[in-house]
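Going by the order they are written in, the chains are A, B, C and D; count residues from 1 in each one.
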């Protein structure tokens, strides 16, 4: 960890790779940034913190030339710059890794790795723009991917794609690396590999800007931290360790939040049960899972282990072998409609492509699985709908609390709250199956979502949470199921050591 | 305390407390502007008779466009409307001797609904691209229509009941206009208050999410295309009654005109968004344009050029107006 | 077996070509010829017709009867057919080439001319006339319109043509346009219609707006036109002996295929039909029976 | 994210459909499978093929172009006029004319953010009108060198007429553009993830524009071919070709959601449509029944696509596991 206590302003300017001050940006009536400052030093990893919607991604887009600021200055290597395009910024050595993957599912991994070269500039032929296969393989190796360059990107899992995006950044001559929530989809092992890559780049004199909602990651990687609140910089380049987690949280939110400990309920009768299920397309059938009333079961697994597939199967969202039941009623894997009718809520991992109705209002996103009781003779009762959904939105602290606003206009964390609200609104809710319920969500929203999940459990709902976030797993679940290579590798009780979990996940002999 | 600034998007409720319904879509301005322009410059445009003409033609288009709107809302597109209307006219007239005017028209209408349901099933259940499906049924319906009558238009014996849908009046209002009003009202109720309309929005906005939320995407889609077929059937009945005959080539441009009307009205063809008022103003714009170029009485070549430019201008202006309106609202705050 | 005759027509969605085909069909039964009938699917589909004639050449039929989508457009491919030893007979809108074995045709110019004479008389030699002239770029519609225009200028110089529409041959489209005309030209005295289908649309519009006094002339004599004449909705229609043309074309084709004697030119005269003489026309030479299916 | 594609399977649908259709027609009319007939058909597919290949670029960029028929008619007509002025090579004026129309479409869609259907509907009408204006109200423009043009269009040299070879070369060029040139790759990138293209440094509207320009240029080329085959510029031609070309492109595996396309598969799609049309012609069924059959076949090709996709998915389940887990 950095030992420097100097205020950044006291440093020689040559030490700074990139300084942005007074940055402001307004979208329509939304003020994304009011007056943001961030100063990156060579050789250092700089963390950017802020709650959902604080303007982090907007600041990143401005730094990399994808969005033009309304006001403010950017100095790069001591000279003022105004990048007119991503290409210019990249040419100068500012390399972005975005929050939402900027990859091309229909193209090959090779083409994706060459995307910057393919996208920019004149010229006729692709030939020389496609990076040399040997080098491309080198980058993939560096992030720990062993895949054929000709593989279509679309056939990779989300985590694998994220790593491809990181590998792509390595292709560029990088002086400032900008990472906007890069590890939301990575597991601990892969996050480590990414960290190593970042550290190596910084050791070579590059600067890194790193956005994350997880304190663990920030403490593990960053040297300094800047906190953004409501479009303004409220903590400017403080060394890591100067502020406690509580202080940082307070700076981000203006108020502290504390995660309430999960209240363990007595084991009650089984609610959601699956027999003979398979985890993932390559997994062998034969997995049995039971979730009891009031119980929160955590399902963990590395990327590609089949954990998410197993969870999706339990939610009725994915077809496969085996049979499922909730209470006395049974349904088949893939029978999502029947599962919903039986009171099983399902929150998919990929909120954009599988969860959100971007064109519809927040309230309508919440009520979609509850239209039955809200309709009388095919007529939707608007007031009943508002009465059913709006309290949920309020409870989840939706911001802004405008149930009529289109879902697409909310920030990521708030969109996730809509999906949770949808789940809670399922009529006759008996079980909830949640995949990565707080991926890319800030601490405050995460707290709210966790609280809502706990409350549901306390009310007798059986909850299954599949997550790659060990902290989440440990703080939330009553017991942990670990999936490895398509099999149920271990079952651990709450309070099991982190090391034991990690060992079970990776199958190492450590345990 | 920070003040809450709401994002300024069309998805938000009216700022001054106006309910959604009362806020006119941007195309309304274009439509109004075009109307004034026509009144000022197009000879005899503003006569009572001509306005009624425009409205009568617009009505047929409007009823069918309501169907097209449902399909577009679902993220699809319907090319088979023209052909199935033709088939309806032919079926009607062929069935006339056996079923009488009412039964005949009903049989014709039913055939359109059936084609819609088939389209919807193929799209919803088997995930075939709507372009391919409706293009296929377009060919089949039009082949079937021609085959039924051997390619020849056949006349319906004159009858009051038969000509009522096109020529009748209720309390002085021409039946087609009444039908359009009813169709719009029905569609509005479905979309704004009905459960089925809501489900269409969901499926159109994100079919995967809809399935995972527990909706029966196949049924919703099939029903949507069938309801669209029902709107088209009403239009087909009016058209059949209007030409008093079975016509294997009744209205080949119907799909294009209704798609254009919806698009001009501002419905994105990606689905999930749209209101009835947009369809209405889109239809009125198309009908006025068509009427104006005939009244201006230019050679056909210029009519086409003018019509093409007008379609582009109508949409282009709408974009600028929307931008201007946003700007004005921001200044005014 | 008899010879195989290819028949290529623009559009079997028109009463005209159905009647032609009927004539061809009946004659083929008599002559024991076998037919391969192809429709290009529209008056504007020349490319499709070219491909179809290519197919007929490919199939080595013994002769081809061609009603052209456009006489110039199919010229080249027809000359290929002739060069390949297949005699080609043009019908109604013949391919524009001297290599045809025979041409069977009506006189379209005359059909327009007859309409002009009749309509001028019906409206009393003065007033405003509108033309539902049929699709642009088609020999039959262009010639017919030309015949009408030139004759009208001669026989009734006081009549002005106020509007001309070049829509496809479609009843609904004609109806809508006529409705618009009625608003735009309240003093309209007469309407020329290139076909009886379009005339039916015009008549509907006029009747619906109480303008029954406006005179309408047409060409061709489908059952619809017969009815309109009987009801007094049409002033007249100038007709060609369509079925007779079809029969003649087939006879010529068989003759050419079997190296028999071919008449190079068969012209069936244009005839004016009015409410007075409609009863005396031999329909079997003019129009296919209603239950005929190609 | 559900995987949106099963590799190259979608590009096999059209070839498979051709084989199936040819087999069926061969059974129905024995002449169908003759070499002569094959060659004759090989001479006929090119207008549709060029239009479909152009359409493919627009579809790959998540749009479509319904003005292609009208654009072909206008450019073919102007091409005929140019040929009459400067000799047969003047016919190639059709290409820049098509390119110009495509540029207008591309500007409207890419830059002014019009929906593709509105923009191309507007240009469809305007271009139709222009074609009438330049041609004295729709009169065909006979080529002075019609005989030579006919020779080039119909007399086979090594299996194909010279213009067939030229069209094949143009299709080959399209393949090169799509696979090996930056424009093509960028079009696929835009179709695959429109939000991401700007973030990796491309200018989305320029890409979209180039897609419609390619589409227009190929429509122009189709117009030139149309003129050569007819020996005349045909200003009123082209109705219905927009839908046919879309069908051929989609049957040829072009993904309507953008991002995936294969020129040879599109060529196969166009060939398939033509095989069906010709096969029905020669089988002597009533033209109305033939039309019904064409419709059924179009839908069936869609069903085949769905079937093939699920079959291959099932097949790939049996393949050994892959992934990052080692």
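Operating definition for what follows: contacts are C-beta pairs under 8 Å (C-beta built on N, C-alpha and C of every residue); 3 or more make two chains touch, one makes a residue touch a chain.
Since we're looking at a predicted model, the values are computed, not measured.
A.B. asks: Fewest touch steps from chain A to chain C?
C.D. replies: So the least number of steps between the two chains is 2.
A.B. asks: Which chain maximises the distance between its CA centroid and that of chain C?
C.D. replies: A
A.B. asks: Compute the distance, rounded to whole Å, between the mean C-alpha positions of chain A and chain B.
C.D. replies: 42
A.B. asks: Roughly how far is chain B from chain C, going centre to centre by Cα mean, in whole Å?
C.D. replies: One centre to the other, that is 35 Å.
A.B. asks: Using the average of all C-alpha atoms in each chain as its centre, how far is it in Å between chain B and chain D?
C.D. replies: About 29 Å separates the centre of chain B from that of chain D.
A.B. asks: Mind pulling the residue numbers of chain C that touch at least two other chains?
C.D. replies: Residue numbers touching two or more other chains: 12, 136, 166, 293-294.
A.B. asks: If I count partner chains per residue in chain D, which residues reach a count of at least 2?
C.D. replies: 2, 132, 137, 286, 288, 291
A.B. asks: Residues of chain B that touch two or more other chains: which are they?
C.D. replies: Residues 146-147, 151, 208, 299-300 of chain B touch two or more partner chains.
A.B. asks: I'd like to see which chains touch which, written out pair by pair.
C.D. replies: Listed by label, chains in contact pair as A-B, A-D, B-C, B-D, C-D.
A.B. asks: Quick one: in the complex, what on chain D touches chain C?
C.D. replies: That would be residues 31, 36-37, 40, 43-44, 47, 132, 135, 137-140, 142, 146-147, 149-150, 153-154, 226, 229-232, 234-240, 274, 277-278, 281-282, 284, 286-288, 291 of chain D.
A.B. asks: For a test of understanding, state which residues of chain D touch chain A in their complex under the given definition.
C.D. replies: Touch residues, chain D against chain A: 1-5, 7, 179-182, 184-186, 188-189, 191-193, 195-203, 255, 258-260, 317, 321-326.
A.B. asks: Report the residues of chain A in contact with chain B in the complex, numbered from low to high.
C.D. replies: Touching chain B: residues 27-31, 230, 317, 336-337, 339-341, 346, 348, 353-361, 364, 368-369, 371, 374-375, 378-380, 382, 400, 402, 404-406, 408-409, 422, 426 of chain A.
A.B. asks: Show which residues of chain B lie in contact with chain D when the two form their complex.
C.D. replies: Those in contact with chain D are residues 79, 122, 126-129, 131-133, 135-144, 146-147, 151, 208, 256, 259-260, 263-264, 268-269, 299-309, 311-312, 315-316, 319.
A.B. asks: Can you tell me which positions in chain D touch chain B when the two form their complex?
C.D. replies: 2, 64, 66, 108, 112-119, 121-130, 132-133, 137, 243, 246-247, 250-251, 256, 286, 288-299, 301-303, 305-306
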